[in-house]
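Each structure below appears as structure tokens.
The following pair of complexes shares a single chain, chain A, combined with chain B in the former and chain C in the latter.
Then we have the complex of A and B:
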């Protein structure tokens, strides 16, 4: 009989009038791995914060290692061995690997001075515990995301973690890195350390967790062995609605109507000899693993990282894209992957964000900004894209993730581009909003826009694209028609590049 | 390890210093004399101590411009306090009182910044003006040339000296001892104490530092106390060397000191900076100044040249960063290309 590590019982947490968690109970045993899934606002982050002592539940009990808590402080939680690894990993980019790993311990022990030999020994031991090799003297800022994550894990293990909670740990990792991460965590599980993954990626849920808990609107919907769950079920249980993909109406591109033609495009350290055609009314997917060059290609087409050589022909005319300005003045729009950093002016109002790209067209006869025009334009797009907000005068930062993504789209759609490049348009967006965004993409294409969709989300590509190009090591290696391929084949091809690389090592 | 040293900022500055010295020396051989070296050291000492005062603030992620005003109020205030009471002793009492005034003035900066969670620059802009104004209005508006008996000979307190027919007696001034002692202390403090590491941590990422458990208020206060003490100390050394105490000491020189600190490899956005780099940064600035005199280039050029070097020094790390970003996550690609 496995030993119980943590049990929460009848947890209720309210914020004002909103019930974030409504009578949630579950337990986790030593060495068990659990996946916590739910849409944005389902209560999963609230649950994590309750377990880590950041929030105090309004009702309910927490038992850790047999100790009963009504109120638990973050310090209590850490003392009981709960360690949360947040998405930013809480590391210092300007300090070495060794110091980053050892700092916590130094602070907790109340040390006044630093013994560097001890710091290095301590860090070495920490990395050995999770069986990874990272140079101790390297600056953390120079490492990859995957390495930083491993450092965060080894930090947690050294802090005597009994329960490791990881918030969306795979978002920025390549498949190989994800595999390596899972391996490390599985190894820790065998040593009796329990783990909770908070995840959005449905395909991964079964891979990681022995058990899956699905939260919806603050309630626990499912708590069972992950093996018995398929993606469709998880999707349904998360959203509470069936996301029907059978009746999707795809846009019908006209094969002879070439909107954009790319020939022999090159970028050193990026991609080589990339050629493709984009037709009017077409959604063209471009996929590949992280590092395959797809992101670089997207940035090159938008002028953010201009290509070194090659030609781009738009509507029969050759155009030069050397800067973002070149791209936009030729009618190319771009929705970036990191909407927070690159897509929005967060402190500015929603109205201003929507108007930002088209400010020139909102002039009155004196050349001044016509505020009424601005508001009516903005309101139209808020309505069309179903952005949930009481008024467009609120700052963009007040919106939830899914709504922010819609706002980025609105900003570019108001600009009415000929070609719209979307780079991972639904990364970190919940399932429901995702389906809405997919529908919108298809609709835009059927209205005549040419859309290039960069993504590694296979179902997303299958739900939206007419054609999918696969990139591997900087080259386009395959061209799939949606009608003649299926998710499994595409997935196999994508992973095949992984296997190939592994074989080479 | 060797690669790291060779690629470090300090090493690049050292190379520039050597190259520049060779050029200047070949045009004007007097640059290579012991007298010239002693003179260079003497001129650098005060600015190195001032740069030491500023270094922890820069590592913390801030820019302070008030430290020069703190030097003025501490040195001029101490002098007027002692000289009007007929003090005839040595500099020791000057240092005690001056550093105390400096510490208090630094604490005021630290207090306002931590209490109201303000930007270091904004607060220092105010306190700089305030301290110069305070000194001029309440203490005195003119330079004072009266020296206590114990201070009169300070400007020529040499550890060892050389004499030359044309330049007369030049010596290695005792102030180099302060630089060495303070430098070693600061190096130890930054590298081996938890407060020192906290300064780097806060400069690297303030939010993470707070979450990790560093006491940001305490560390900020310590940084400003150090800044105040060293500024006061530098003010007194400078005044005693030039044999006059001046209410507008160092006025307008704060940005030159900042430039030296940045030349020495400290990052203006915080989190990076070393004692040895700072020393080299000041020496480089001083050599440029000298080089232009020795090679008969008009002195107006000096600031221009320092400016150009600063531009180069800010552009190089940015370029490196950009290149790293461009290569980004495509390490597999690079390998693939190398295989091909």
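Then we have the complex of A and C:
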């Protein structure tokens, strides 16, 4: 059992003047499950890219299955049985499940014609190996994230994986889906396949990994049994600072000052009879599982997918939100769920990203774009939100996840909205940035902004919101006050709806 | 050089493009130097030769800008040449209606040539010059509507409108070439100001205007954002549809101005002038200039155009006596493109240091 599969020894990797990995060594045995945690920029992605042969380390050695590599190509890595499942899964959405699973084999076999029976048999075998049932003829693009992930895993297993590396696999999954995924991976571990999980969600670290490695600033800080570590310790080791949540000062919403009132809002196949009030200085949480209608509600309030019926009253006046233009001209801002696709102009400069919303206000007296004003506005927000970058002229893609999220926030804060809707504002953001963003949210509320926070991250809701609404199957079913509830109750309610939905299937 | 291209990198889109402009300028200097040496006896750098180069490159250069602006928002405009021709044809038809040739009693005049009187009405002349611009705007509205509002992929939408415009021109002219345009029109293509041909001045002027629009207006900024990520621009409150509409109108107007220059130079109008050769050429120029959706500098179009013209004229002079020398122009353009690709590839590889790997 304790046979060594992979060992890296004294790995050093530099990018220009930055040392991404500084003398990191570890090993993993066959069938072992390892969790790799660290903030963005701690070097975990670099480590994975070294193991998968994408990067060549400047110094250090890699041993896989007893073979010694100084330089390893991606092909070497795959031949040694290393399979990485990236966040985007590298699947073809326009092909069926069977085609996706059998694709690699089809290409390698070099056959000129396609034997569809063989393709289906092959795919069925792959899914059986991980004991899941997904219709073989379904289009991958129409499946849930969880199913797509399972397909990616079965593909990896069929490619004779000995080491399965999963890069933040649970980001878009519901709790039940996460449990199912863990079960599949544990099953694979008993068959001798090792796994490395890269994760941000601290509670999961203990659930899945037998062993945890924590990286901070390119150095290995901790390498020990996960059972001995509690969330607080992991958090501390990752960030090097204590994140204190006990002394948070929440803003006190003015109960008599209703900023926004939503009455009987409906969207067919989205949500039904949604009514709530948002007060000035309030952070209102709206939670629910994927498919509960919270994302649809967020998009409707922002006019991207307008509601069919119902009224929205802002500062006492009824407003019609039929387009994003309607929403923004009424002072409603929106931080979308998917910052890469919906929030950022990745290859554009940080300055351009920050100025994107307010560009029309940055004109000089000739009606031309005031480039100086653009830069100074951007620099101001880089400073205020503590975006870590040497200059605003670098592309947004050069930033880490947490800093990219700050950029999206900056774009909207520069607009100074009355109501800011945040849809999953800290998805894929490291612990340190997360705490900073939470603090920012509370601060904005205390300064008078009304904030609607959509999230299924319970601690996040508890750390920021004054009030939390629970959505289930398109309806608001419960209203929690933060003071009178706790994380456990909220979690139970959330999962209860999950169970209910599951039963309904 | 630093001052022009290095001062405000963000105004040029991305720092990378400073390098590209520099690369193009170096290539231009090398090409000019090469031909002025090998063609020294033929007067490559002579007033006459430069004037003729300036005249030739301008119409394609302006068409290339018309193509470029649509590339910037992630589109393409295959209908530019068709718009240029349609503008001239309708303008010619308008003149024909006002000044038809004399025909025998009982027959009607066929639309082939215009019979200009000695003292034509100024109004008729002005309107006939405005018509192409209006056609340019209308074509832009149609293309912008199809791409921005209906959501037809730009390559298909403009392929369709290209056919429609060409078809219209062919229908109106009956497939014939219209001649007899007023003498006054020839001024544009044939006169020079201090030795510089008027079309070249127009090309410089339109490059400058486009530069200001792209780099110093909110419209230009929004065009880049839409071209980079249209979902994010929508979520940032940018009206994608309006931006796309304005872009295609801009493209249409630029194309119609190129059409006016062609009309002035040839003193004629035909449905098939330039046709697909010009369209492909403008795409090639865009690639040479490093235009991508969301990124690109109109100055690069200008310099690319200079290089291509220098290559074309240079080889023509050098190989005057050789049979098939005109083919060498296309050949040299192709080679140039490949050289640029390779240089950019090497620079990029050196910068990132990431190994290329398939599927990872």
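As a convention for this text, the second predicted complex is superposed on the first by the 493 of 505 C-alpha atoms of A that agree within 3 Å, B and C clash if a C-alpha of one lies under 4 Å from a C-alpha of the other, contacts with A are read in each partner's own complex, and residues count from 1 in each chain.
The definition used in the following text is that a contact is a pair of C-beta atoms (placed from the backbone, for glycine too) under 8 Å apart; a residue touches a chain by one contact, two chains touch by 3 or more.
Everything numeric in this text was worked out from a predicted model, so none of it was measured.
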In the superposed arrangement, which partner chain does A:371 touch: chain B (first), chain C (second), both, or neither? second
Output check: A:296 vs chain B and chain C. Expected answer is one of first, second, both, neither. What do you get? first
Contacts for A:474 in the overlay, against chain B (first) and chain C (second): which applies, first, second, both or neither? first
Per the contact definition in the header, classify A:103: touching chain B only (first), chain C only (second), both, or neither. first
Dominant contact partner of chain A by residue count, chain C or chain B: C
Once the shared chain is lined up, is A:55 touching chain B (first), chain C (second), both, or neither of them? second
Kindly classify A:346 by the partners it touches after superposition: chain B alone (first), chain C alone (second), both, or neither? second
Quick check for you: in the superposed arrangement, does A:90 touch first (chain B), second (chain C), both or neither? both
Both chain B and chain C touch chain A; at which residues? 90
Within the complex, chain B is touched by chain A residues 88, 90-95, 99, 103-104, 106-108, 111-114, 116, 137, 142, 144, 174, 269-270, 290-291, 293, 296, 305, 473-474, 501
Taking the complex as given, what residues does chain C use to touch chain A? 8-11, 14-15, 212, 215-218, 220-222, 224-225, 228-229, 231-239, 294-295, 354-355, 357-360
Hey, which residues of chain A end up touching chain C in the complex? 52-56, 73-75, 84, 90, 304, 324-325, 327-328, 334, 336, 341-349, 351-352, 355-357, 359-360, 362-363, 367-369, 371, 374-375, 393, 395, 411
Hey, which residues of chain B end up touching chain A in the complex? 1, 4, 191-194, 196-197, 200-201, 203-205, 208-209, 211-214, 267, 271-272, 324, 326-327, 329-334, 336-337
